[in-house]
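Both complexes below contain chain A, partnered by chain B and then by chain C.
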Partner chain A sequence: MVIVSWKALANVFKRSYKFFCIVFLLIGFAGGILVPLAPGIISADSSSLSTFSGPFTVKVFGYNTHFRSAKSSLQGWITNEGKQPVNTCATSVNVIDDTHLELSFPPVAPLNDPLFGLTVYNDADGRLYMNSAIATTDTVRGGIVPACNPVVKNEKQDHFAFPFRYILYESMRNLFFHVPMWFTMIALLSWAVVNNLRFLRGFDMKYDRMANNAITTGIIFGLLGLITGSLWARVTWRAWWVDDVKLNGTAITMLSYLAYLVLRNSMEDEQKRARISAIYSIFAYVMMIVLIGVLPRLQGTDSLHPGNGGNPAFSSYDLDNSLRVFFYPAVAGWVLLGVWIYSVRYRMSNLKENLAAAEVKSRIA
Partner chain B sequence: MKNAVQKKNILSAFAVLLSLAAAAQPNKPGIDEELFRSLHGNGSMNVVLTVIGIILAGLFLTLFRMDRKLSKLEKEIKEKKS
Partner chain C sequence: MNLGRQTAALFKREILNEQRQKYALYGMLLYVVSTVFVAKFSFRVIKDVPAWNALFWIILLFAAATGIARSFAQETRGRMLYLYSIADPRAVLLAKLLYNCLLMCFLGFTGLAFYTFLVGFPVGNTGFFLAALFLGCITLASAFTMISAIASKAGNNFTLMAILGFPVVLPVMLAAIRLSKHAADGFGWSGGAAYFGVLLAMNIVVTGLAYLLFPYLWRD
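Entry: the complex of A and B
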């Protein structure tokens, strides 16, 4: 049986974490920026509001697609959604360039539903599907539906790519930069609470310095997360700030930790300052866990964040495996960077403390 | 009073225009290409780059402030020794 002491483990961590921090961050940056997005359909413009009154054309605008280079295998069809989907193939395909395409369709009567899904297929991109791409104003149900059975060779394109999602598009890469900010903040604030408790056990000022530096570093990462999140929201949710439980929760958390700084700076006596800020910090931490960890996940709350208000987060839909490959190293890298900054700040505060102690000693002598 | 009425008129005219514009749109869900270009130019990649820029700027600012604090500390220690 091997006995590993905490001290030995801490030593191993201290010696190696900077190396891992750099490696993980490099993996996160390289993957987060360089891996391409999977192909997808951004828009489909129908020439007519009716699908039944005559032949119509659909202009397709794709993203990262290979319409021209994989022209020979290109097919397009619309599917009348509903209980029994029926496919209608395009009679002619007019490829404009790699991302633009015009499909011509014969008159189609909507069988079950006024909505048609659009599929564009080629061997390079695989099956690209757009849900409810074409809507018809026709009220006729039934009638002539030219049905077909398209043959598909590759379901998916075969190179490594991040998933294509509407509205998110490339901004999905913020997953490797915005999200780890919060992981880092929570890691540092948790470390702060551990040291607050250690301080309250024996009133050793060393633990007070540890906790204080962890909190100041955590606040930096929290602010960065807030600013970057606001920017991301502007692009995907159309507002700098939306009325979302998680956003309001983080705003309260940040304010309570900023109040911690004010509280701490308002006191002169060191021991008193350390005790009061330790207790305040524990309360603020519990508040944070409730506000950003518990409340947004409750049933009945409404949140735009994945993993909240009934949205899944760590499910296969939101966090694709291709994202996970880089997400976990990115989180580890950013957290370790936070630890690195924290440790430099802590050592600086130790230096300052030694200086002050020497001054007191010299005054007495 | 007159001003308020005028304002209301302008507003209602604007609302009519808006509804006309909405009616003129071909009724299809999804974003069309121009909208995509104006909102997500470059597929929203610029947002990612800005986010990275903000994070790096924030961390460099932190580094800069720490550096200044450390210089001050060094100076104090030097004074103490002499």
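Entry: the complex of A and C
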């Protein structure tokens, strides 16, 4: 049996964490910025789909697609999304460039659903599908549907890429920056609370310095999380700030920690300051748990975040394995960076303390 | 003397104190009534349930902030020292907590009576609404009691009380407003159970934290 002492483990961590921090951050940045997005269809414009008196064309706008270079295997078809989907193939394909395409279709009447899904296939991109891509206002149901069976060789493109998601698109990369900020903030604030409790047990000022530096570093990461989240919201939700339980909860949390700073600076006496701010910090931490851990998860609250207000969690359908490869290192890297910043600040405050003590000593002597 | 009896004795002292300076209680009541009058003159009658509900809770919030800020600030330093030397500090806190809960409930229910009289009472499920009001008042009181203790230790100004209290009280207000809106809309216990649970949990957590942390706070 091998017995490893906590001290030895802590020593190994202390010696190696900066290395791992840099490696993980590099993986997170490199993967997050360099890995391309899988090809997909951004939008489809149809001409005169409301009549069905004659053939119509659909303009397809692709993203990261290879329409021109894989022209020979290109096929396009629309699928009426009824109970029994029926495919209708394009009669001619007009490739404009790698991302633009015009498909011509014979007259089609909707079976039992006014919505059509659009699929474009070529050997390089695989099967690209857009849900409810085109719609018709035609009320005639059960008309003639020219059916066909498209030939599909490879379902998915085989090189490594992030999944293509409607609305999210490239902003998906923010996952590697926005989410780790919160992990880091929670980690630092939890460490602060641990040290607040340790301080209240023995009134050792060392723990007060630990807690205070963890909180100030945590606040920085919280603000970074708000900024990255705000940017993401602008791209996907079209607003810098939306009325969302999670956003409001985070804003209140940040305010309570800013109030902690005000409270701390309003007192002169060090012991008293440490004691009272420790008590308030424990309070603020518990409130944070309620605000961003409990309240948003209740049913019936309005939230746009995945995993909140009754929404499915990100990982249940969106966190593709290709994202995981970079997401976990990114989280670890940012958390370690937080620990690094914290430890520098903490050691600096220790040095300041020693300096002050030395000055007092020299004055007495 | 055990904690319970000490608390009871100190609670009696709080009530006696209030009786001796009745102007403070009347002042708070007048505050609530005049705010309700302001609401009356600005809105006449509020038919919109969410607005009615939110306005009522905002009135209560400010009543709580002004009323409970007093609870630790009014004690002189000497009197506090005397209390701590004869009683357990936790008993001092519990007595203040109980008294503030009572005070908030009194303000809440009399406030509601005036509010109903002047602005209207568009509530669907009255029993549930009163339960929500009771729980909300108690939670507001316990949250503010601890904040008032912290603020009184740190220079004792009202600005600090507002800054510190706001983030702690906001989730309480949020849950209370949602819960009482749920009741005012006429829904029953089944749908509001989650918020009721949150409010109750928050109450227990805040009171528990105050109980555990106060002995560290009072010493100078």
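For this structure, a couple of remarks:
The rule we apply is simple: the second predicted complex is superposed on the first by the 357 of 365 C-alpha atoms of A that agree within 3 Å, B and C clash if a C-alpha of one lies under 4 Å from a C-alpha of the other, contacts with A are read in each partner's own complex, and residues count from 1 in each chain.
Everything that follows uses one rule, which is that contacts are C-beta pairs under 8 Å (C-beta built on N, C-alpha and C of every residue); 3 or more make two chains touch, one makes a residue touch a chain.
Not measured: the values here are computed from a predicted model.
Annotation: superposed three-chain arrangement on chain A; chain B versus chain C shows no clash, the two fitting side by side.
In the superposition on chain A, A:275 makes contact with chain C only, not with chain B.
When the shared chain is aligned, no partner comes close enough to touch A:357: not chain B, not chain C.
Once the two complexes are laid over each other on the shared chain, residue contacts for A:30 go to neither chain B nor chain C. Touch criterion met: A:287 reaches chain C, while chain B stays clear of it.
By the touch criterion defined above, A:130 lies against chain B but remains apart from chain C after alignment on the C-alpha atoms of chain A. Across the overlaid pair of complexes, the angle with its corner at the CA centre of chain A and arms to chain B and chain C is 80°, in steps of 10.
The partner that reaches more residues of chain A, of the two candidates chain B and chain C, is B.
Legend: residue contacts after superposition of the two complexes on their common chain; A:223 is shown touching chain B, with no touch to chain C.
Using the contact criterion defined above for the overlaid structures, shared-chain residue A:148 touches neither chain B nor chain C, since it reaches no partner. The gap separating chain B from chain C in the superposed three-chain model is 23 Å, by closest C-alpha atoms.
Chain A uses no single residue to touch chain B in one structure and chain C in the other.
Chain C makes touch with chain A in their complex at residues 146, 150, 153-155, 160, 163-164, 166-168, 170-171, 174-175, 191, 194-195, 198, 201-202, 205-206, 209, 213, 216-217, 219-220. The touching residues of chain A, counted against chain B in their complex, run 32-33, 37, 42-46, 49, 61, 63, 130, 132-135, 137, 166-171, 173-174, 177-178, 181, 220, 223-224, 227-228, 231-232, 235-236, 337, 341, 344-345, 348, 351-352, 355, 358-359. Chain B makes touch with chain A in their complex at residues 26-33, 36, 39-40, 42-45, 47-48, 50-52, 54-55, 58-59, 62, 66, 69-70, 73, 76-77, 80. Looking at the complex, you find that chain A touches chain C at residues 200, 249, 252-253, 255-256, 259, 262-263, 266-267, 272, 275-276, 278-280, 282-284, 286-287, 290-291, 294-295, 298-300.
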